[in-house]
Amino acid sequence: MRTELITVRTGGSPVVRDITAEAGSFVASEKDGLLHVFVPHATAGIAIIETGAGSDDDLLAAIDRLLPTEDIWQHRHGSRGHGRDHVLPAWITPFASLPVIGGRIALGTWQSICLVDTNGDNPTRQVRFSFLAG
Amino acid sequence: MRTELITVRTGGSPVVRDITAEAGSFVASEKDGLLHVFVPHATAGIAIIETGAGSDDDLLAAIDRLLPTEDIWQHRHGSRGHGRDHVLPAWITPFASLPVIGGRIALGTWQSICLVDTNGDNPTRQVRFSFLAG
Amino acid sequence: MRTELITVRTGGSPVVRDITAEAGSFVASEKDGLLHVFVPHATAGIAIIETGAGSDDDLLAAIDRLLPTEDIWQHRHGSRGHGRDHVLPAWITPFASLPVIGGRIALGTWQSICLVDTNGDNPTRQVRFSFLAG
């Protein structure tokens, strides 16, 4: 298994960050197999969605509606509402796996691999790519 | 890695479509390994749930409650409420992976592999099965 | 692929049960590869979250808010509200996959692997660990 940790700049506010290009570079020299994407943080997730047409902001808004930054969380370290960031990865999983064929991720036309980070307290994040040849 | 793309008829309204039989056929000639199920579309997901006892409709109802087809989405291409279809895969992931033992998917008694498609604009969908021998 | 089924005591009420230690033991004699965690039940899921700081209870509370135990479900076998347990795995997936490096799961500092079981009717559950060398 080839594996690599990259650093992604996420800034100080909630963000959906497209990392498809970075993932594509990672597998470009491979043939067929499985790409595994993993974020080793307890307050972030990976989503496979369309970006650039409003859905990235729609996702952040949906997260705010479903897991609001209100004083309803027992976990209250960090910023206000930070407790919901810790519940997020149960819903938006911190891992994804995707088929790779001939060195290309077999994504659909409108799919992108995104890091979802609602936690503004950490301006950078790490993402681990791993490749299992099949 | 053996991989195959199948076409699934989903019709013109939201649907939970059981694809366990198709997945089972795909791995029937294998031994042990991992089955990967992937839908290469930006408005569909894969769910492992019980079917045939009401939960398939319950899931569609839950999606309507949590991600409603109202005018709250920035993404507004296609039908009304289509924006929620684009947020869906962040919650109901477009991939699943399952252990295969002796050519059989090691599902529990009540588990089925389902394609979840709330987007009525596309009457057919593609699903990619991949198998990694272990 | 090495695979093993363990039994986990979940008791008679909804629970988030940390199974990181069990998963770690399973891969301790391996080198690099992918750990697959799978719960072969239709009313449970796997979540990668922080435990011991309130987020485990926060997750159960979030599940109660988003998928309430009210009489809104068509599936009504078992206890009241049991229908929501059957919808849960569509949102909290019954599988997870994680990179293993040198016999250690490459989790972040605050991440734990948890069995999420809202179904109090089953006091024990099975979890399948599988390892694919890479």
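Note that the chains are named A, B and C in the order they appear, and that numbering of residues resets to 1 at the start of each chain.
The definition used in the following text is that a contact is a pair of C-beta atoms (placed from the backbone, for glycine too) under 8 Å apart; a residue touches a chain by one contact, two chains touch by 3 or more.
Every value quoted in this text rests on a predicted model; they were computed, and no experiment measured them.
A turn of 120° superposes the CA atoms of chain A on those of chain B, with the angle given to the nearest 5. At the interface between chain A and chain C, under half of the residue numbers appear on both sides, which makes the contact a different-residue one. The centroid of the Cα atoms in chain A and the matching centroid in chain C are 20 Å apart.
Residue numbers of chain B whose C-beta contacts span two or more other chains: 34, 66, 91, 93, 97, 132-133.
Chain C meets chain A in the complex at residues 32-34, 45, 47-50, 53-55, 57-59, 61-62, 66, 91-93, 96-99, 101, 106-111, 116, 132-134.
Looking at the complex, you find that chain C touches chain B at residues 1-3, 34, 36, 38-42, 66-67, 72-77, 83-84, 86-87, 89-91, 93-95, 97, 128, 130-133.
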